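Heads up, there are several structures right after this.
Two complexes are shown next, each including subunit A; its partner changes from subunit B in the first to subunit C in the second.
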Partner chain A sequence: MRRPQIVTDERRRRHGGTGWLVALVGAVVLVGAPYLPWAYGDEAMDDMTYLGGPSPTQFLGLALGAALLVCLLAARFLVPRLPAARRRWFAWHTGASAVATGALAFQAVVVVAVALELGGLVNVEYGGWIALAGALLAFAGTRLLVPERTATLGRVHSPGWLVIVVIAVVMLGSLLLIAHALDEDDPGVFIALLVFVGAAVVLVLRVGLGGWFSSQTARFRPVLVMAAFLVAFAFPFTQDGSNANMSIATQVLIFAATALGLNIVVGLAGLLDLGYIAFLGAGAFVAAILSGSAFSAVGWNPPFIVTVLISGVVASVLGLIIGSPTLRVSGDYLAIVTLAFGEIFRLVMINLDGNDGPDLTNGSNGIPNIPDLNLLGFDFGEPHVILGVEIPRFANYYFLLLVLIGLVIVVFANLNRSRIGRGWVAIREDEKAAEAMGVNVFGLKLFAFAGGAFLAGVAGAVKAHHDISVTPDQYVFLESAFLLAAVVLGGMGTILGVLVGATLLRLMPEKLRFFDEYRLLAFGLLLVVMMRFRPEGLIASRRRQLEFHEDDEELAAHTGETPPGAGRVEPEGAR
Partner chain B sequence: MLEVRDLVVSYGRVRAVKRISFAVEQGQVVSLLGTNGAGKTTTLRTVSGLHTPDSGEIWFDGERIDRLPAHKIVQRGLAHSPEGRRIFPRLTVVDNLMLGAFARRDRGAGADLARVYELFPILHERRNQPAGTFSGGEQQMLAIGRALMSRPRMLMLDEPSMGLSPLMMKRIMSTIAELKAEGVTILLVEQNASAALALADHGYVLEVGSIAFDDTGAKLLSDDRVRRTYLGED
Partner chain C sequence: MDPAYFFQQLVNGLTLGSLFALIAVGYTVVYGIIQLINFAHGEIFMVGAFGALGTWIILGRAEITAWWMLPVMLVGAVGVSVLTALLMERFAYRPLRRAPRLAPLITAIGISVFLQEFVRLFYGPIPNGLQRLVFGDDIPFEFPDAKAAPRFPSIEGVSGGSFVIGGVTLQYAAIFTVVALVLCWIGLYFFVNRTRVGRAMQATAQDPDTARLMGIDVDRIIMVAFAVGAALAAVAGIAHGLQYTNIEFRMGFLAGLKAFTAAVLGGIGNINGAVVGGLVLGLVEVMATAFIPGTFGGSAWKDVWAFALLILVLVFRPQGLLGARVVDRA
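Up next is the complex of A and B:
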């Protein structure tokens, strides 16, 4: 894919100096503007009406400006003074471009948010416009900088303690950030914060620290994973016993666990499943029926561990029934059949009400009054005090869901690395060739499909107790679409990507309630933008990047010992 | 080792293979010749289980295999390097080769990898390169190497010389001779009749789905009908 270039390398070389100066002016403006008032009304965002007293959001803008300033100054004054070996450690210009883009997005969001919250652009005071102008200057100026090709910091070997400390700081930072973001009620501030975090992450990656982090932490992978889980476990302790954020967090986790299961089907095996939510629903209904709720038609109430297994098995049997006839034929049929299955499932659940069929699900009213879980005497419905902190109901489920997610991740990672995972790769690449190689194509597809259904069923069982009631209308096509979007936007086939994608997709509607009517519109726009600019998702596996950017020489050069002139895939090889 | 009896294969209502029978003995190189559309590829695909026959029997090593799924047939030691190479272009050379070993359950893939690298040193040199960046000849080597990774007792090659330069073609043919010397049984489909028959112990000539005639490689090479149709001589 070739994009038309306005700024050519030639122009960069000629006007790089001017660009630097313009960007510097922009950076200074960005640092100064937060001290000016940005809005006429104090209801907008977090009160940005003061002269000389920036609000927290304004400080974020200042931070972006300061980061840009550092990049620009370092590129001009620090690099020439360094010994040659260290000059290419950081990619300052690349970083400057990234942070300037981020700052522009940030200031634009602020202006739009102020206008929306106060009713019109007239409510943006001069400081806001100045900041936006500064961002524009910085953006334009940094376009003219000659970007460094690579940052070599990733090849520098750092002592272990430093890496561990960095891991700890990053994890703690994320914990505080998540806690802070969840407490934010103002939608404008929330989005601005998201944009800021995005800009900061991209800056860190581009400037060279990302390469350092991933190469150094490779040695400490278990530490990193443990730290991430520790942070996740610590989250409820930051909430002062409040259920408000915890209920959002548990919803995110249920959604993420389900998306990870779907990621096995879609991301690893390459099967398009448009009715995945039905498997979650199947698990939820089974658990509800076996929960001992007064509204359940079945009197049997086995221990939860048994219920979970039955839920998973029922879901995977449904998967086998749907999958075995359709997985033999080409992929398009699977999409159609699963789409229909999702709808049929919902209708069947509505009709199993004793009028049209046997009474099993109570029809569209569903099964309410599902009792809280009680595992080994631990009552999930009651608050508990752990380490002097009160842990409310939703936090109990939160811990259980974390364990569930951990389980799904372990399954996912092991499958991915296993023989089966290699078979899936072959199927994704070229099904016919895979078959000729002795890959049991049908068997592996069916395994992915039914296995994914099993995980969804298990998640559904937990969800039933968490939600207290299970109704058919919770399991509609739109939910399947959102799950699929979480997988695709986050990065098919990756764990971290799908976790991020699921979190964003579930958190945003929760935090942007005023936006509800436009939710689908925004969702569609997001999809279009992502598909245009980053089809491989937020976080891409190396292999996916190759799939989507086959003819980027830059990328081919990264993927290994490509000899000169061999950067392109021959048409022959592409069949 | 391989015996095909009265095989009939069709695509929908189109008969592609009409009651053909042939046999490949242990250690032999047998060549299957035929004009475009004669049904050679269809025959190979059916033997390796990628296509179900309408009727007829296929026996491999004393076992009937015509109803077995493809992966079971590979597991029994019959490998197939398909027409048009069909390497996995986005995967690296090593990944391609290791996928060739997918069907096997033993731990000997490492030794076979070494053997393939020995046969084709270029594959070793470029082992971490995406296979799609390879030239046609290199891709063919990879395709053959990949088929060898299952440590087959019999190998079916579908037009291994397709699109190769004469030099590259010679290399591939000498590799096939090497494999034969190692005791691998080979069923070779080729457009290049002279090269294929020079190697073959026996040859079958397919014409629109039926076997027109067959003979030893040397006899076929001097056969008038073969010389006219496949070697372009008058």
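Up next is the complex of A and C:
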């Protein structure tokens, strides 16, 4: 499918100079506009009514403008002075396009947010319109720039200390950013901040630093991963003993852990599971029944370690049962079989109330009053003081979940790189060919289901204690759809992508309360739009990207792999 | 066992089955042509029911209950359903025609959630309801709130009434459903076999590439398939409303899933199969509810048995009862 191109390469070559000038004007306006008032009322976002005194949000706009200015000036004045070998280190024009797009989105969000929060576009003062106009100019101008093919900075070898310092700075920055973003109560500012972060990340990636970062940190992968975990562990200490953000954070972690488990089934093995929430539910119900709650039908109350294992095993047995039809069905039919299993699970949990069936789950009321965890004398229900900082109840669960998610990531990464993981990829791409090559197709599929289910069961066991009560209506089809959306949104088959997807999907509803009513509407639309325009997700694995864009030869050349199914065309002279 | 009780269940089963069959045809027609499981088809059925209710409210400010409202409502329902289905095909499915199989399925889930929420949010007397967007504050009529399972209009001579033959109660609404199915089935038979468009549909189903070479506009045929399915789903929506008196924005999910079971049961891609499958599924569900003894019987478990049947059919007989085509769903 070819899209009509408004800006052709030919036009770019002819009007590149004009485009640069227009974009420069836009960038200067973007830098200057934050010193003007953007809104008539101080309730909108973070008080943008002053002349000459930008608010924090206005500073973000200024930063985008400044970044654009740097890109444009560097492309015109710095690059020609560099020795030839270094001229293509950075892709300044590509970066300029990216940041101009980001600035336009940012200014649009600001204008819309002001209009919504104060009631009408009339409340946007002249500075806001000027900034939007500047962003439009910058956007239009950068469309005419000739983009560089690739940035070569990734091939440059840098000293180790530099890389480690950069890792430390990035991690520290993200910790501060997360803590700051979670404290932000104004929905407009929150979305503007998200857009700003998105624009900054895309700019860094496009301009060539992304290539450098990924190639350099490949040498220091353990350092990177350890730093990320350190940041995650440090997060509760920034919260001053407050439970509010920790409660959101634990929900995100439970969701992310489950989504990572689903990612094994969907992302690696390519088996669409629409009933995955049932495994989380199975784990939660087992833990609730064995928790010693007064409403549990079973008196036995084993230590939590045992409960977790039983939860995982029960879930993976269910996984085996649900996975067994994969011997005979695949594709859409498998998805519907799993959906039916998920619904059966929920209905059975409702019916096992002693009235319509044996008493096990207390029916649709579920099992309330599940006691808090107590591991080795550490009571999860009580606040603790560590290093002078109070660690409240949810923070205790947060640490436990972090350990759990670390475990899931280790399992996932190792499976992905192992013989099993390669078998899954082979099955996903061509089941018959994989079988012919001696891949144990059925065994590996079952293993994917059982393994993914085990992880979800373990997460469910923690969730039961975290939530205090377990009811069947927490495990409806829509939750499975949410999990699937987290995997799809973030990027199938990647760890980082799913973490990002899960965070966005759980964090957004918490922060955008005014949007609550339209949450599901937007969610449905998001799925459709993602599949239409970026089916490989926000953070795509290269292989997936190629699978979804089979006829895009430019992309294949870019990533250095041949798209699956595309015939190799040898150049004439090569034979 | 009381024979009247058995026959009563038989009638109930056939009625329910007719409803399933009407929806199932939509799955089958679309699948037959582009091998796509239009998972959001259940929502088309729901939209049709709400479309009928909306038509009645717009035209029937004086609460008209005469029989001639029925065909008017039918036109409204079919219009809304077909429009929804065509928009869905054009903007969501068509761009994905060459994408991996996962993509349309996820899109379908998205559409499903979107349509349910759309009806829930915008159908009703709320400030941002659809009618207010069109007429402003001076609205001549008010839609009932979709969140509260609004009552479907009762039509004289169809709703509520019934007669008894030999101990078996026949409700007029049930007769309407069965008659609607029979008429639609006959109409569809003539449409598919006797019209140019119908024959073009058959050709496209057999081999889309050759059909294109023969001068058939395949895109148009696909739209026709979506439209035919949507029209029948709209009829089912009205039948559902007349029978159960209340309609709900969530009702498309379960009905769609069961109708899909029916379509697979009859052999997906096969129109007659969809009808037979629907009737069989309706009978099985009603009979299981009525005759399975002990704690696992009764209405609490009927959906469990329907889903179990769905799994068994998909696993052991994916080609369906009539086995029209061999299905290889890789």
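Everything below uses one rule, namely that the second predicted complex is superposed on the first by the 552 of 575 C-alpha atoms of A that agree within 3 Å, B and C clash if a C-alpha of one lies under 4 Å from a C-alpha of the other, contacts with A are read in each partner's own complex, and residues count from 1 in each chain.
Everything below uses one rule, namely that a residue touches a chain if its C-beta (ideal position, glycine included) is under 8 Å from a C-beta of that chain, and two chains touch if they have at least 3 such contacts.
Remember, predicted model here, so these are calculated numbers, not experimental data.
Using the contact criterion defined above for the overlaid structures, shared-chain residue A:N351 touches subunit C, although it does not reach subunit B.
Within the superposed three-chain model, A:V306 lies out of touch with both subunit B and subunit C [touch as defined at top]. Between subunit B and subunit C, more residues of subunit A are touched by C.
In the superposition on chain A, A:V169 makes contact with neither subunit B nor subunit C. With both structures placed on the common chain, the touch criterion links A:F341 to subunit C but leaves subunit B unconnected.
Once chain A of one complex is fitted onto chain A of the other, the partner contacts of A:Y333 are limited to subunit C, with no touch recorded for subunit B. The interface of subunit A with subunit B overlaps its interface with subunit C at residues 432, 547. Residue ranges of subunit C in contact with subunit A, taken from their complex: 37, 92, 95-96, 98-107, 109-118, 121, 253, 257, 260, 264, 295-296, 298, 300-301, 303-304, 307-308, 310-311, 314-316, 318, 327, 329-330. Listing the residues of subunit A that touch subunit C in their complex gives 1, 270, 272, 274, 325, 328-337, 339-341, 343-344, 347-348, 350-351, 356-358, 431-432, 477-478, 481, 484, 488, 517-518, 520-521, 523-528, 530-532, 535, 547-548.
Those residues of subunit A that touch subunit B in the shared complex are 419, 422-423, 425-426, 429-430, 432-443, 543, 546-547, 550, 556, 559-563, 566-570, 572-575. Residue ranges of subunit B in contact with subunit A, taken from their complex: 48, 50, 69-71, 73-75, 79-82, 84-92, 95, 98-100, 102-103, 126, 128-136, 139, 146, 150, 163.
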